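Structures incoming, each one as structure tokens.
Next come two complexes built around subunit A: one with subunit B, the other with subunit C.
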Partner chain A sequence: MTSAIATYDLCKTYPVVERPWWKPGKPLRAAPAVDGLSLRIPAGQVTGLLGLNGAGKTTTIRMLATLLRPTSGRATVDDLDLVKDAREVRRRINMIAGGERMVYARLTARENLWYFGQLYDVPKAQLKARIAELLALVGLEHATDQRVERYSKGMRQRLSIARGLINRPAYLLLDEPTLGLDAPIARDLRAVVAELARDGVGVLLTSHYLAEVEQLCADIFVIAAGRLVARGTPAELTALAERRHTVEVTLAAPVDDVDHAVGTLAMRTGAQLTTGVDDELRPRYTLRHSADLAGELATTIVTAGGAITRLEVTPPTLEDAVIALADAAPEPSVVGS
Partner chain B sequence: MRHALRVIGAEAFKQHRRIFGGPLVVFSMLIWPVLQLATTYYTMLPLLETPGIGQRWPVAAEPVRLLAFLAAGAFAYMFYFSLVQSAWHFSFERISGTMELLFLSPASRFALVLANGTGALVQNTWLAGCFAVAAASASGSLHVAHPGMYAVAALALVIPAVVWGTFLNSLLLFSRDSAFLYTLLDDPLWFVAGVRLPLFAMPFAIKAIGLAFPLTSSLAVLRGALLDAESLSGVAGPLGLLGILCLLLVAGTAALLRIGEARAQRTGSMQLY
Partner chain C sequence: MVTAWATLKRNWLVMQRAYPWSYFIGTLGPGVFTIVVALLSYRAIGGGRVSAWFGASSGTSDYLGYVTVGAAALMFTTRMVLWVAKAQITEQREGTLVSQLLTPAMRLPYLLGVAAQAFITSILELCCLLGTALLLGVRLPTPDPVSLAAGILVAFVAVFGLSIPLSAIMIAAGEAHITQNTLFCVVGLLCGFTFPAVLLPAPLTFLGELLPATAAMRVLRAATLHAAPIHQVIGDLSSCLALGCLYAAIGLLVLPHAERRAITRGASA
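And then the complex of A and B:
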């Protein structure tokens, strides 16, 4: 048995305009949201799914949660077919989405968890202890018997996280789980997610907080327009952001030899060179390259007789990579294993 | 089966915490029906003076019997309408965002809608049920052929009502535009099911429409068994029709759940509201 969620050429097309019920037939128009996606989310690891808005992240997660049916392609959870074995798949997965709507406001935290424990058929002998354990995990022990309608947004989201763990899912689908959470609570959640992965849970995470993804994910899939455009570790993906190492140097005064030397350096290394002046009309050189050229640039300028007044290096980020990849052609660019 | 029972218990508990003792329930399920009953009774009371009405409609010969007839109608109607209300409430789960959590879980969908209807029925009607039993006992208006007919009447009311509620839940759960049913199944149902008037007084078309609703046959059994001392064979007709309607409604529920969930999975409408 393969301990993983796997998708094979997964596609989802929403019928955008449907015929009225008295005119049965195919939808009049369709928009592909996910287009031939093949992913692997192994157990015991946090896997990231990144992309800009509308890339198809939520649709993918909702398909894996069995809330949406793929138009074509296939997905399995531990070799169970997502469509044919949906009921058994649902026992093994759970989903937590951002926002605080996913609990019952008129029930207390304990009652909410008890209710969902019943729906997931958590053994009676374990349910009470499981509820106490989860409430402690999300820091709601002090408000267990308070109606959720009295909770703050953060408390509701924490309860929603506890709900998502009630069935000890083998795979957890996290769709923007820290959306709207305060920094300390988001940090605690990241610790919980990391701990779950260490305990063998397979986690699929989408988030707009890329630092969060960088910190947690061993493997990241980047999608654009529903298609896979890159895959790799955070470092591998960051390296894909070509010419994103930015070195900016400001000189005390213009020197002709420096102009020539920096131009030669840019040509030799293939860096992108931009020249200009700052607010005080002092010459400024900006070099963009996949490698950090700060040292080489400084040496070149000083050797050519220039006096550096300011030097700033901006390393590439995962965000640069995601934006660059999303902007690029939709042909898959797979790196890493 | 064991899991389904746990789902039913959990859903009933949720209903209890959400609606038990709420002013809406007290007003819509007790005070409002009692006021409607009083209005109907005092509207019809002058008709008792009509010469010869007792021959055409024996119930109208005595005010107590007329009141018992109308009260039985109001009580049975309340059972059914409580389920319309419950289904309407259930459809709000789509808006509150909890509906997809139900469908994310491995719980039996049928058990969920069944439990929601059953839970609502108990929560909504226990108060009026106690009131009705006390009123019927005190007024001495009950005429029962055999003690077993109490059970027949109770089952003929409760089982079809639960099945009706299950069907409505499955209908409203997947449809964003079925709120009109709340209105359609209020006064029009009261009329076509013979809550206020005996079915024989209705035109054929209304009678035919009325017989398509289980409330009509439930009422016929309830009144026959508890007010007219009918035996089991005397209410066999409406009981048989109730059985057929229940089977159709169960089949309809199963189909609606299957079609509704498949459609929601195809269109992504589970999160739309």
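And then the complex of A and C:
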């Protein structure tokens, strides 16, 4: 048996123009949200799924959570088919989505976890202890018997995290789990996720907070327009971000020779040059290149008679890599007449 | 059955904490109104008598008993439908549908749990309506207890069965009011709650027979107004049970598709 979530050529198409209800059949026009995605999310590791808005991350997660059926392709969880063995798959997975309530407002934290524990067939003998353990884990012991409708947003999200762990899932799907959480709570959640992975849980994480992904993920898939565009460790992906070493220089006053010299440097090195002014109307030059051109730029400016008041070097980040990869990806296609 | 019991308990807790009393008055109101109007018409217009025509078409001369049982059954139907058919769209609106669907729990026990709580609540509300009718001077004959119990059971199956496809339509369409009110109009017109269904044109009578609530209504009236023993109502009991189960089976078949449609709408939005 393979201990992993695996997808093979997974596709999901959404109808753009439906047929009239009296003419059943395929939609007249359909757009792929996920297009031939093959992923592997092993147990005992946090795997990242990154992409810009509309890249297909949420659709992928919802298919893996058995909430949506793939249009084509297949996916397995520990060799169990996601569609044919959906009920057994549901016992092994859980999902936490940031920004969605997912718990009952009129019940207390304890009642919510009891209810979900029943739905997951958690043995009665274990349920009470597990509820106490999870409430302690997310720091809600003090509000155990308080109704959720009186909780703050952060407390609700923490309860939602406890709900996602009630069945001791072998795989946890995290869709923006720290969305709207305060920094200390988000940090605690990251610690919990890292510990779960160490305990053997396979985690799939999507997040717009890329520092979070860099910190947690051993392996990252980058998707754009529903297609896989890159895969690697955070360092490997960051290295893909060409022209992303950014050097920004501000001068005390405009000097004609500096304009010419910096332009020549950019042409010679193939760097991307942007010129402008800062809030105090002082000239500003920004160079983007795969190499760090800070020293060369400073020398060029000083030689040309310019006086530098500020110089800032920004190394490439994972965010730069994701944006660059998404920019390079082809536009999604719409199928149909 | 763990799911059914847990859902019953969950709904009971929620209802205790957030039972809308204005809603209760709104529920009781139409039933009381129907009985009061019937009472006034019967006393002030009919002079305490009904025509032979009514007796022939309804099978009874007890007009007030006829209307009271019909109003009570209609209230039971609408309340059960409101609880059961709206269960999933309520989950969707409150943001808990996804967490429900993530679990390995089956839909049938979940809906049975909702229906069990709805049944207890509806029976309590029904008692309030019948108590009000009693205060207004309506007197019902002693029913046949076995037929009455069987009638209530099949009425439960009938309404439960109707509610499941309705639930699927609601979550697929993302809308509840038009769907539920259309059903209320249809059952109110076709199922013989407040007037004999035989008065309808033949095609509408036929359509009424396709709804399990029509046969359930006949059983309830026979048990309460005529104290009919169970062997006299076995035909209606059977057809009601069969139709209720058929509607439930169709509903359970289409519900997963409707759920996925609801999730798709959320995901692609």
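The rule is simple: the second predicted complex is superposed on the first by the 262 of 337 C-alpha atoms of A that agree within 3 Å, B and C clash if a C-alpha of one lies under 4 Å from a C-alpha of the other, contacts with A are read in each partner's own complex, and residues count from 1 in each chain.
Heads up, the rule we're going with is that contacts are C-beta pairs under 8 Å (C-beta built on N, C-alpha and C of every residue); 3 or more make two chains touch, one makes a residue touch a chain.
All of these numbers come straight from a predicted model, not from anything done at the bench.
After superposition onto subunit A, the partners subunit B and subunit C occupy overlapping space and clash.
When both complexes are overlaid on chain A, the residue A:65 reaches subunit B and subunit C alike. When the shared chain is aligned, subunit B and subunit C each come close enough to touch A:90. Using the contact criterion defined above for the overlaid structures, shared-chain residue A:107 touches subunit B and also reaches subunit C.
When the shared chain is aligned, no partner comes close enough to touch A:195: not subunit B, not subunit C.
On subunit A, the surface patch touched by subunit B in one complex and by subunit C in the other comprises residues 14, 59, 62, 65-69, 87-88, 90-91, 94-95, 101-107, 111, 114-116, 118-121, 163. Those residues of subunit C that touch subunit A in the complex are listed here as 2-3, 5-7, 9-10, 13-14, 17-18, 94-96, 98-105, 260, 263-264, 267-268. For subunit B in complex with subunit A, the residues that touch the partner chain are 3, 6-7, 9-10, 13-14, 17-18, 96-98, 100-107, 262, 264-268, 270-271.
By the touch rule above, subunit A contacts subunit C in their complex via residues 14, 33, 58-59, 62, 65-69, 87-88, 90-91, 93-95, 97, 100-107, 111, 114-116, 118-121, 147, 163, 167. Contact residues on subunit A toward subunit B in their complex (touch as defined above): 14-15, 18, 59, 62, 65-69, 87-88, 90-91, 94-95, 99, 101-107, 111, 114-116, 118-121, 163.
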